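Across the two complexes that follow, chain A remains constant while its partner is chain B and subsequently chain C.
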Partner chain A sequence: MYDAPHTERDVDQQDIKISARKVQVYYGTTHAIKDVDCDIEDKTVTAFIGPSGCGKSTFLRCLNRMNDTIDVCRVEGDISIDGEDIYDKRVDPVQLRAKVGMVFQKPNPFPKSIYDNIAYGPRIHGLAKNKADLDEIVEKSLRRGAIWDEVKDRLDAPGTGLSGGQQQRLCIARAVATEPEVLLMDEPCSALDPIATSQVEELIDELRQDYSVVIVTHSMQQAARVSQKTAFFHLGNLVEFGDTGKIFTNPVDSRTESYITGRIG
Partner chain B sequence: MPVIWLIVIVLALAVAGFILGRTRAMQSAGGDRRHLHSLPTYYGSNVALKAAVPAILLMVVWLVAQPFYVNSVVSGMIPDSAVADGSSRGLVLAEVRRAADGLDNAVALGAISEEFARNARADFTDVTTRLKEAGQIVTTQITQPVLRAAQKYRVMNATGNMIMSGVVILIALLGIFWGLRETNKDFRARNVVEKSVLALLIAAASIAVLTTVGIVLSLIFNTIEFFRLYPASEFFGSLTWSPSFGGGSELGVLPLLWGTFYISLVALIVAVPIGLFAAVYLSEYASKPVRSFAKPMLEVLAGIPTIVYGLFALLTIGPMLLSAFGPDGTGWMSGQRAVVTAGLAMGIMLIPFVSSLSDDIINAVPQAMRDGSYGLGATKSETIKQVILPAALPGIVGAVLLATSRAIGETMIVVLGAGAAARLSLNPFEAMTTVTAKIVSQLTGDSDFASPEALVAFALGMTLFIMTLGLNVFALYIVRKYREQYD
Partner chain C sequence: MTDASMDTPQPRRAKTSLMTEDARTKKRNASEKRFQAYGIAAIATGLFFLVVLAFSIVRSGLPAFTTTVVDVNFTLTQAQFDEAEGQLFKTKAYSGYFITALQQKLEAENVQVAFDEAAIERIMGKIGGTLREYYTANPDQLDEEVAFKLNAASRVDGYFKGRVQRETLQDSRFLTLADLDLVDALAEAGIVHTTFNWGFITGADSGVDNPGGAGIGASVVGSFFMMLVVLFLSLPIGVAASIYLEEFAPQNRWTDIIEVNISNLAAVPSIVFGILGLAVFIQFMHLPQSAPLVGGLVLTLMTLPTIIISTRASLKAVPPSIRDAALGVGASKMQSVFHHVLPLAMPGILTGTIIGLAQALGETAPLLLIGMVGFVARGYPDGLIGGFTDPNSAMPAQIYTWAARADQAFYEKAWGGIIILLIFLLTMNIIAIILRRRFERRW
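Here is the complex of A and B:
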């Protein structure tokens, strides 16, 4: 199943965008992430795979400090974006999250119009000088989210009235509207049907032109299809991290092999 | 036999029926419960239900019907001459019942014998003295017709009760027999029990609905009676409220409605912002320990009886306002009873309503909404202002409307805090009164239910009922509309 010729895939040598060293995460007394070292490259899609509860979503949420909103969660170690420690006291997590956008597992459009959903981020960050400017940002983001043609005639309709796949693309467009540098996606296709999934996957591939994309997925086919780098997590450890083609065809660690061949998970 | 013993006997029969039914079912299955259609307890319950339910229903009907029958018979025994001028047959009948009770008690105490109590030729003066000696209250001399009627009343009731006991126990036994007859291993006892549970639930629901209908009907008839005596155009159009039981009263509802509206408005101006902000703090900012302490504390406010709020308004808020706005201060306020006094107290009372409901509604906004907003780099207050409150708004409006109907229906705080003067004025520092407070004052004391001054209370109640009903329906409509949004 995984004998597709990924080894041929060309991976450009890129700058390191996010660098994580010795990251530990605790939920109360539970040690959820153990000693994770990971370098995420710019203009690359990095996939996190692994069985449920292995810590991949937790690690993803460390990258934009979303874990701060959970009371019992504690993060140790260094994570830096472009060489700046994001857990430094001087860093405002709110500003950080504008720079590191996030798309969630379940499409979560606000109960507002499609236009207001997209304009939400630009408005709170003051990205638009005037209404025309904002209109332009909204259109550009919806185009980037590959949903413009479907919604351009009903921007005033509520975002919650769209189909699941459209909602998820709306959420991606919403994340793109604040012009982030990194886009984190937490199982973005798990609530979508195969057609919507392939639309979102195409979109992820396009987004790679401008952003560093990190995607958590349960589908190994998806990881193989969209990513250039893959990280395999197991029981809170980062077991193996490398080029997607190599992970899927010639894994070093026996646990990785067991997982991708379906023996554990 | 006292009714309580009859009930105990029927229940004992039901228990016996349960055990018999269970045993019989097990026997029919050859002692192996796996061959039964239902669990053995269902067979037992089926028999028990058939024993108890028809018997107890019959008893209830009998207990309701017997007094009517006995009364009509006894009433026929009293000649018209025995009904004194200025009295009525109902009063004489009450006398009969008292005499009968007196005889009962005297017999129970052993002061007179059963034969004496039944002796149709007994002299009424003798009976009166004997009863008085036995310590039974006899208001006047018992007259001969009353004594006769009382004796008949006793006898009829005693026979009636005896027959009832017999019939009820017979029905219970027949029920057991019926239940046992149909008990065999293929009988679907589980489905029968399920149906009776359904019947119980339907009965409970219909009692609630029928009571509402009953309340409305009792209001409607008296309201119609009122409008027969007093023109509706005056009631809804007149600007004066000055009832006088001597006649010539003006009963305009407008000053009362205005007072109700004004005091509720002040209360809502106090309660809505405070309650809402408290809810936002508790649901979004407060840490777990603070929340687990502060929320019950806030809800304690809802448990305080309104009369206590009334005292608080009268003794604390009123004097405080008077010292600031009274003759020594700005001079707007002449007495401590005023719209603001009652409005403030009522507002404090409503805070937990608004905060508790809003808190639940804000918590019901999915976490995904918050995550989405935080993920875009919004701060907490931006998220609350632009995502959570708009999403929760219909629910919050529902909470405010429910609080409004509470405010409109409030009485004690108004009586103590706002005074009793019905007045149309814009000055919130003046005393005013509300519809509810006036209903109380129109019906307190000796009221003649044939005069418009007393009947107006029902028209006021009806007005209030329609207003709050409308508000509640509107609130429910909005809350329901909100529910559809995330489900």
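Here is the complex of A and C:
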């Protein structure tokens, strides 16, 4: 079952970063994602919206194979990044996750210093040749995470001692420190207050310069604010996928319209 | 909201003032108060028994740490030595000199008491033999004044500690009422007095007829070696098993069976492990009997389930978001476990390990079966190197041995041994608490 009409999409084939075809996800016997086709563009923010339990987070976690850690979860179909099938036998999920970074719903800094939080990824991937190199990566990442000015004097302080919004920006900085190509964000602002949310949103907009960003959100306003493309999921189906402006002003599917006008969800 | 509730004209809840307690609230508050009272009563009962226990242990055990000694300065001349060695009953000659010297000393102190050789022997043992042994070994000490510190007989020791009383004393070949007068006189002259018993802490067990010489030192060393074996086997095996089961193993029927069986093992009576150790380690593998190595192996089997269960619990308590975070930046499964999960679980693992060790330290039953209750008079710490394979005892087994002996004097030794054992256990628990505090990190 594929509900999004192809004709409505205005996708430049040159820029496609991730392409998913006929993706099925099963949790044990539950069919959580049904037949999803989706192309995610480079240097674009793509938002996944939909009611709770519609499968948007599950689909997001397929993109860096985080679902591998769940025993009962089974993924079928093709997902490729830059034309390479990420579910191929030869692909090491660890290598994939270095390429596809992730920011989680709840800020989850390591219980270590701010410096070590950022430096951990570059260290295990051998991105820094020496201490000065590492210092530079840490500073650059914290600047990208728009948190450098707040923490530059206390890099030795524990990351868990920061406020919720700062922690989430620290996690974003940690994710960009490994220089991924795609950044997945699973409801990154759901635990944040409006001020922290707007800071993170600004940050997402800046990150678009270099990355393909995929964000799952419950807030339609947020999707409208930060994304260029929006995908609407409902009961495991990708109902509609297209330019954000079009989805919010002139949806094709009646379910999309019901959701964005607040009748379902 | 149903139609029925909409039809009801009267609200279910009557309008009441907040200032008065209604019947239901009163009842609820009363039951809460009752429950709190039960709790306080339970804690008070527990504390009461704890205090009684601690008091009785200290009261019964403290005498084991003191001993009664005969402190006497004695000079033997070369002439006396030659004369004694020329006689048929050599030791009798020595004790004759000693008694004369003692008599002179008492006269100098102005203490009047009559005694004979037999009384001296009852009070401080076969003095002649001791003296002869000393002077034949150290002939250079002849003509010099030597301060002898002799252990008083255990009944004399008991008289000082209140175990033997004049009113109830029956004259026997061990002690007579007249001897006590002599003891009192000697005490008055400062010759007999009680002192701290280092021998109890450092010494080895003694024969059944010599409670005064019994010490717990050798079995402390035995327990120490066993704990080393337990620590170095059960910690790595237990932690590795739990990490594999908790983080890597697939969730299926096999891992479920293993999990259930580990929990069951923790509940197996310790004597079963003892008989298993006897069959496997001693009869099949021919490891030396009564050795701390075998004791340690048996206690390792017992401690493993405890360590595995506590380690798994503390691994489970690490929030999954930390694992996600590590995997999210591209760490491998093993990196996420060893860099992030394990350090966070460390306080729990250490606490579990030390509690497991403390449990093993106090375990007696399996040691009975592998023969670690033997009489060990070996002079540790001379044989420290061979300590893993030399026969030895352990603290709880030693306490058990003493408690089973007939002589009243061993009773206080058993209690004293319990004090030493408890000191070790308390120390280990304090270390566990300190380690937990040190390693604890919030997330």
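Methods note: the second predicted complex is superposed on the first by the 251 of 265 C-alpha atoms of A that agree within 3 Å, B and C clash if a C-alpha of one lies under 4 Å from a C-alpha of the other, contacts with A are read in each partner's own complex, and residues count from 1 in each chain.
One rule holds for everything that comes next: a contact is a pair of C-beta atoms (placed from the backbone, for glycine too) under 8 Å apart; a residue touches a chain by one contact, two chains touch by 3 or more.
Quick caveat: nothing in here was measured; it's all calculated off a predicted structure.
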| item | value |
| --- | --- |
| Three-chain arrangement built on chain A, chain B and chain C clash or fit | clash |
| Which superposed partner A:Gly165 touches (first chain B, second chain C, both, neither) | neither |
| Partner chain(s) touched by A:His125 [first = chain B, second = chain C, both, neither] | both |
| Partner chain(s) touched by A:Pro111 [first = chain B, second = chain C, both, neither] | both |
| A:Met102 touches, of chain B and chain C: first, second, both or neither? | both |
| Touched partner set for A:Gly55, first chain B, second chain C, both or neither | neither |
| Partner chain(s) touched by A:Met66 [first = chain B, second = chain C, both, neither] | both |
| Which of chain B and chain C A:Gly145 touches, first, second, both or neither | neither |
| Selected from 97-105, 151-159 or 169-177: the stretch of chain C that, after superposition, runs into chain B | 151-159 |
| Shared chain A surface residues [contacts with chain B and with chain C] | 64, 66, 69, 71, 94-95, 97-98, 101-104, 106, 108-111, 120-121, 124-125, 160, 171, 174-175, 178 |
| Touch list for chain B against partner chain A, complex | 287-288, 366, 368-379, 382, 386-387, 390-391, 485 |
| Interfacial residue positions of chain C with respect to chain A in the complex | 250-251, 319, 321-332, 335, 339-340, 344, 441-443 |
| Touching residues (chain side chain A, partner chain C) in the complex | 64, 66, 69, 71, 94-95, 97-98, 101-104, 106, 108-111, 120-121, 124-125, 160, 171, 174-175, 177-178 |
| Contacting residues of chain A [partner chain B, same complex] | 64, 66, 69, 71, 94-99, 101-104, 106, 108-112, 120-121, 124-125, 160, 171, 174-175, 178 |
